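Before anything else, here's the structure in question.
Read from first to last, the chains carry the letters A, B, C and D; within each, the first residue is number 1.
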Amino acid sequence: MTMNEAPTVSETEIECDPSSELFASRRIRVAIVGATGYAGRELVRLLERHPSASLVRLMSSGRGSSGPRPIESSHPVLRRSASCRSRTFQPLSAADLNSSDVDVVFLATPHETSHSLVSELLERGLRVVDLSGAFRLKDRAAYPRWYGFEHVADEALAQAVYGAPELDGEAIRRAKLVSNPGCYATSVILALAPMLRAGWVDPASEIICDSKSGASGAGRTLSEKLHFAEVNENCRAYSLFNHRHVPEILQALGLGEGRLVFTPHLLPLTRGLLSTIYLRLSKPRKIAEMVELYRDFYAVAPLVRVYEEGVLPEIQAVAYTNYCDVGFAVDESGRRAIVVSALDNLGKGAAGQAIENMNLMMGVAQDAGLV
Amino acid sequence: MTMNEAPTVSETEIECDPSSELFASRRIRVAIVGATGYAGRELVRLLERHPSASLVRLMSSGRGSSGPRPIESSHPVLRRSASCRSRTFQPLSAADLNSSDVDVVFLATPHETSHSLVSELLERGLRVVDLSGAFRLKDRAAYPRWYGFEHVADEALAQAVYGAPELDGEAIRRAKLVSNPGCYATSVILALAPMLRAGWVDPASEIICDSKSGASGAGRTLSEKLHFAEVNENCRAYSLFNHRHVPEILQALGLGEGRLVFTPHLLPLTRGLLSTIYLRLSKPRKIAEMVELYRDFYAVAPLVRVYEEGVLPEIQAVAYTNYCDVGFAVDESGRRAIVVSALDNLGKGAAGQAIENMNLMMGVAQDAGLV
Amino acid sequence: MTMNEAPTVSETEIECDPSSELFASRRIRVAIVGATGYAGRELVRLLERHPSASLVRLMSSGRGSSGPRPIESSHPVLRRSASCRSRTFQPLSAADLNSSDVDVVFLATPHETSHSLVSELLERGLRVVDLSGAFRLKDRAAYPRWYGFEHVADEALAQAVYGAPELDGEAIRRAKLVSNPGCYATSVILALAPMLRAGWVDPASEIICDSKSGASGAGRTLSEKLHFAEVNENCRAYSLFNHRHVPEILQALGLGEGRLVFTPHLLPLTRGLLSTIYLRLSKPRKIAEMVELYRDFYAVAPLVRVYEEGVLPEIQAVAYTNYCDVGFAVDESGRRAIVVSALDNLGKGAAGQAIENMNLMMGVAQDAGLV
Amino acid sequence: MTMNEAPTVSETEIECDPSSELFASRRIRVAIVGATGYAGRELVRLLERHPSASLVRLMSSGRGSSGPRPIESSHPVLRRSASCRSRTFQPLSAADLNSSDVDVVFLATPHETSHSLVSELLERGLRVVDLSGAFRLKDRAAYPRWYGFEHVADEALAQAVYGAPELDGEAIRRAKLVSNPGCYATSVILALAPMLRAGWVDPASEIICDSKSGASGAGRTLSEKLHFAEVNENCRAYSLFNHRHVPEILQALGLGEGRLVFTPHLLPLTRGLLSTIYLRLSKPRKIAEMVELYRDFYAVAPLVRVYEEGVLPEIQAVAYTNYCDVGFAVDESGRRAIVVSALDNLGKGAAGQAIENMNLMMGVAQDAGLV
C-alpha cells in the first residue's frame, strides 16, 4: 500500500497513529463497514491502538451518494486534536473494497446487509469478519424463523467459521469468513463449554441461563424500548423462549433443542453483560475442581479469566475490556452449580472478539491490541 | 354527571377510586388530552389521588379512528389490579369534550395542537390548562421565532393567564385559560421573583442561569439525543443563548432582553431539574436576610420550600414531589449571590403546577392532591 | 389524643395534613422506629397521605440523649413549606411508646433491635409491624445461621404472624405482631403461591429464582459494595445458595429444603426488584390458564396485578407503587414455565406491605393509602 | 534493572505486557503509591499499555505489615488471564522506592501523605508526579485554609512545577517534582487560558464557572454523600464560593481573587466532568475567531480538542479518554461568551495528565500511551 492508494486515510493521520513506529508494510489493512454504530465505534477505537493493523476504509452501512463525513459527526469521542486530520467515513460502496488495498473487512452491518455483501467480498479475495448473525447458523433452513430472511449465500455459509476462538482456533486461523458470535451467546458458550465437554453436566437436566445486558447491546437504532426514560431505573425480561442467540448456543455446544432455557434482560447501563447459569451436575463437584477444569481448558486463552472460589465476575470487572470472566458457586450437595460469566457486549461480545478473530486469521498474537 | 354519560369511566372504576367516599357531585370533572406522554401520565397519577377531582376523559394527542385502548398499553405503571376495570383512553376528539360532563381540560399536547384546540374548547364553556407553550408569550409576534408557527388565536391569547400561582394567584382564580409555565422557567422565576421585586439585584448586571434537567423533560418523542446509550453517563449543554423558555422568564419577571443568560443541560436521570443562578446584588446581603425575604414572599405558598443557611436544594429532595425548593449562598463581599432552585420537571415543572392552577381556578385548596 | 399527649406532632402540622378533613378521633395513631432509613422514609411518605392514620411519633433506631431533629435533616424530600411546622424525630425511647397515645408501632430497625424491642412493646398493649427479619422464621433454631443471633423472645415469636396478606389475611387481622416479609421473598412468594397450591409444579423439580434488586433494598448503611462508583454501570450476583430470604420463602410456600435455588443480583438503580422464576410443570399448561388461575387467586387482592399473555412486568411499572406484578411465559412443550414478578422493594417489598398489614390489623381497607 | 531487582513484577508478567517487544532497557521504570484508589487504578490501566513505561512497584497509600496482595482484590478489572501472573501491590514503604530500580513515582495519595513523602523521594533522586493537592499552591500560607494542614516541605514546594502541559511544558520537562492539577481546575484553565492571555476578557467582569463532575472524582472513601442511592437520580451543588480548586485556577491564570465564581456539582455518573463558563468580552467576537485563537494556542497540544462552531463538548466525548475538549457559544451582541469544556476526571483530570507530565519529564512523546 502506498499513501496514494488510501485516499480516506491521510498522511497526516498516519503520523497520529500511536503505533506508527512499526513499519506500515507489516500492518494488516482493515476496512470497517457499519462504522457509525456502537460496534463500529468500538472497532475503530480498538483498531486505532492495534499494534499491527491500520484502518484504511471506514464506511457506513447505508449506500448513498453523500461524500465522506468526519468520524466525529457520528462518534464525538473519536475526534482528534488539532495536529491530526480527522478520519472520515463514506457511504457503503463494495466497489471500494479491494484486496489491493484491504486485507480484512469487518461487517458491523444489519443481518440482511451482511448476507448480501459477503459473497462478493470473498470473491474479491478479501477476508471477512461478520459481526451480524447472517452466517452464524450452519442450517440455512433456520434463518427465516430466527432472522426473518431466506438464506441464499450457500457457498459463503458453507465456508463460514463460527468465531469462538477458545473452541475452534484452528479453523479460524484458516478461515476466509468468520461469523462473529453474539454477545449473549459468547457469555453462555464460554461459561459452559468446559463442563459440557468434560461430561460433568447431568444430560437429563435443563440448563437455565438468566442473562442481563446493558443497552448498547441493542444497538443505535431508535425505539421506544431504548428511549432513555424507558430504560433508566428499569429492568425487564424480553424474548422469553424465543431469542435468536439460542440456536447458535446449541450449535456451538452440541446441545439438543430444549436443553437450554435462555432469558435475556435489559439493564439500565451502557456496557456489559452478565449471565447467571444454573446447572445440574452428574455427580457432586467442588468449586476447586471447577476452577481447575476451567483453568486447564482456558490455559492458553488470553481473553478468558477464571475466578477462584469466593469471587464472582461482575459487569464492572469487564466493562471496557475484551475479557470474558467466569466464576462458580455450588450448593451443599455439590450437584447444583451456578456459573456466572461476564463480558463487555461491545468488547468480547462484539468488536473485541472480532479483532481476536482477525488476529488469528492474520497470524498475529491472539490478544494483540486487546489487553 | 350520570354514569351513562361518562362511557370511558366505568362504575367499577369509580369504586376503585381511593377518594370515592366523597360525593361525586362535588368533584371536578377532568379531561386530559395528551394522556400518552410523560406529563399526561403524571396528570393521571396525581388526579387519581386528588380528593376533589374525577377523571372522566382520557385522550391521546393524535386524532384517529381507533377505538379506546387500556391505559396500561402506554403506561404500565397505571395498570390496576383484577378487581378494578382499567381506565382507557381514546384518540383526540374535541367533539367529546363538552361542558355537560367536563369542567376542566388539561392539554398535554404539542404546541401546535394546543394552539388549534384551545379556542374551540373555550367557546364550549370549558376551562383549559394548557401545558404546551402555545399561550405562554403575550406577544404574538414572538411565536414564529420561538415556536415556529404564526399565532392566530388572538382572543384566546388575550385572555390566557400565565400560570405562576405564587406571582399571580388572583388572575388564575378568575381565568378560563391558564398557560402552564415551562419547567425551566418555573425554577428560574420562583428563584428570582422575591429578590427582583425587592429591588435587591444590581440592575446593571446580567443574571446567569445554569440549569440541569432530567431527560423526561424532553418528552417521549424518539430522537438520537434521547437514546439511552447517548444520555446515560453523559451531560451536555444545549440551546445556548437560544432556549424558548427565556422569553417567558423575561416576561414573568419584567426583565429586559439581555438581562438573563440561560443555559440548559441534559442530565442522565429521569425526573428532576436544578437551576444554579448567579446574581450581583445592589448592596451586600447576608443569607439570613434572603431566607427572611423569601419566607415572607412565599409565606402562604404551599408548594415552595425555602431553605435555611447551610443547606441547598438538590434533585432528590424534589423528585416525585410538587415542590419547588430554593436555597442561597453568598460570597464574602455579600454582593455576589447564588440561588439554587430545584423541582421535579413533571411535578411543579408540569403536571403538579397544572393541577395547582386547576385547584385555584376551581376554588379548592391550592395544594389539594399535591402534598 | 390531645395535643399535649403528642409532643412531636404540632397543631400546625396536623393542619398541613392533606387528609385532615377526617376526624382525628377515627385515625390510627402510628409510631415509626427507624425513621431515618430508606424504609422509614417511605413509611413516613405513605402514612402522611394515609386517609385513616396519623403519625404521632418518629424515632431513629439508635438510642441517645440528643434532642429531636427535623425530619429533613435525614430526608430532605420530607421538608415542608413555610406554612407547616416540620416533623421531628427523636432517638429511640421505648418508654415513649405507650398505648395511651400510640396504636401501632412500625419497626424499621436492625434485626437485633427489633428482637430486643418487640416483647416490651407487646406487653404495653401496642400492635407491632416489624420490617426486620427478627420474627420471620418460626423455627427459633434457624436464627443463628441466618441472622447471627440467638432468638430468645419465644413468646413474641410464637404469636408473630408472617405478613403476606394474600396468603394469610385472616391471621393478620387478628395479629398483635406482624413480621413483614422480605422484599425478595414477597416477589417470589406471590409469583409461586397460586401454582404451588394448585399442584401445578412438578414436585420432583427444582424452582430457580433469579432476582434483581435496586440498591435501596440494601439500606442506607455505608459499605464499599454500595459506594456509587461501585454500583453504577455494574450488576453482580451475591449470596449464592446462601441468602436469608430463602428460609422464609420455603416456610411460606411449604417447600422442602433444596426445592428452591435463589440468586439475588444488585442492579444500578434505586427502587425496584424483578424476579425471573423458572418452573417445571406437572403437565402442559397454556399462559391463558395461568392468567386465569392467578386472577382467581388474587381476585380480591388489591395490590397484585396479574398480566395477560404477551406482556410482562418490569421495574418501571412498579417503582413508586405498592403493587406486586406477575406475568407468564411458557415454552412450546407447555411444561417449562417462567413467572416474572416485580415490585418496589420499598413499596410492596417493605413499607407498602407493612401499611397493608396495619390496615388489616386495624380494620380499614386493605389498600387504604396505598393506591 | 534486572528481574531479580524487581520482586513484585515477575518475568511471567513482563511477557504479558503487550508492549514487551520494545527493549526493557529503554523503558521508564514506574512506581505508583496509592494504587488502590480510582486514580491509582487508572494509572495502572494506562501504564500497562504505555509503549515506554514499565510498572515496577505498586503500593497502597497506607503503611502496614501485611504482605503483597493481588491487584484484583482492589481492582477486579485489572485481573489477568490464566497465562499471566497477577500484579500485586504492597503497603506503602518509602524504603522500597529507590532510584536504582525506579525512575518515576506517582503519588495518588491523600494530601497529607504526599506532603510528608515527597521530600524523601526527591532526596533519593526519584522524579515525582503528585496527584494530590499538596504542592499545587505556591503560597505555603494558603494550605491551612484550603487543605487543613501547615505546609513544611519548603524546599520541595519551591521546586514543584504545576503540571499544566499546555501552559508550561518547558518547566515540566526540567522538573523533578510535578504537582498534577485538579480535575476541575484543568477543565477551567484550559478553557480560559487562550482568551485571557489574548486579553479578550473584560477585566472588570467576573468569570462564572459552573462545573459538573461524575462521582469518581470524589474518590473511593465511603461517605453518605457518595452512597449509591444518594447520588443516583440526583444532582447537587456543593462547596459554593469555597472549593479548593479555586486558588490553583487563579494562580495558573494570573487572576486576582474575586475574578472567578466557581460552583461544582455532583452528577449521577462515574466518569467525566463538564464546565460551562460564562465570560464577558472586551469587544465583540465571533465564534470563528475563538476557534482560530484556540486552535493556534493548542496547535501542538496533542490532548486538547477545539470544537468548530455549532458543536459542543459533552461528557461522553471524553469519558475513557485523556482529552480536554473545548467549544464556544456567543450571544448576538458578541460580548457575552460561553466556553464549554469537558474531560474525564480520571483521564486528563488525573491519571492521564499525570502520565502526560511523566512523558514530558522523561523525554518521550507527550501523548505516549494516552491516545
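Throughout what follows, a residue touches a chain if its C-beta (ideal position, glycine included) is under 8 Å from a C-beta of that chain, and two chains touch if they have at least 3 such contacts.
As the structure is a computational prediction, the values presented were derived from the model and not from experiment.
Participant: Which neighbours do chain A and chain D have in common?
Facilitator: Expected: B, C.
Participant: Among the chains, which has its CA centre at the largest distance from chain B's?
Facilitator: Between chain B and the rest, the longest centre separation is with A.
Participant: What is the distance in Å between the mean C-alpha positions of chain B and chain C?
Facilitator: Going by mean C-alpha positions, chain B sits 33 Å from chain C.
Participant: Quick one: report the Å distance separating chain C from chain D, using the average Cα coordinate of each chain.
Facilitator: It comes to 46 Å between the two C-alpha centres.
Participant: Where in chain B do residues touch at least two different other chains?
Facilitator: In chain B, residues 230, 232-233, 268-270, 313-314, 316, 319 touch at least two other chains, as defined above.
Participant: Going by the contact rule set out above, which residues of chain A touch chain C in the complex?
Facilitator: Interface residues on the chain A side: 206, 208, 210, 212, 214, 230, 232-238, 240-241, 258, 261, 263, 265, 267-272, 274, 276, 278, 280, 312-316, 319, 329-333, 336, 338, 340.
Participant: If we count contacts the way the header does, which residues on chain B are in touch with chain C in the complex?
Facilitator: Per the stated touch rule, the residues are 16, 18, 49, 51, 72, 76-77, 79-83, 233, 295, 298-307, 311, 313-314, 316-321, 323, 325, 367-369, 371.
Participant: Per the contact definition, I'd like the list of chain C residues that touch chain D in the complex.
Facilitator: It comes out as residues 38, 215-216, 220, 222-224, 226-233, 268-270.
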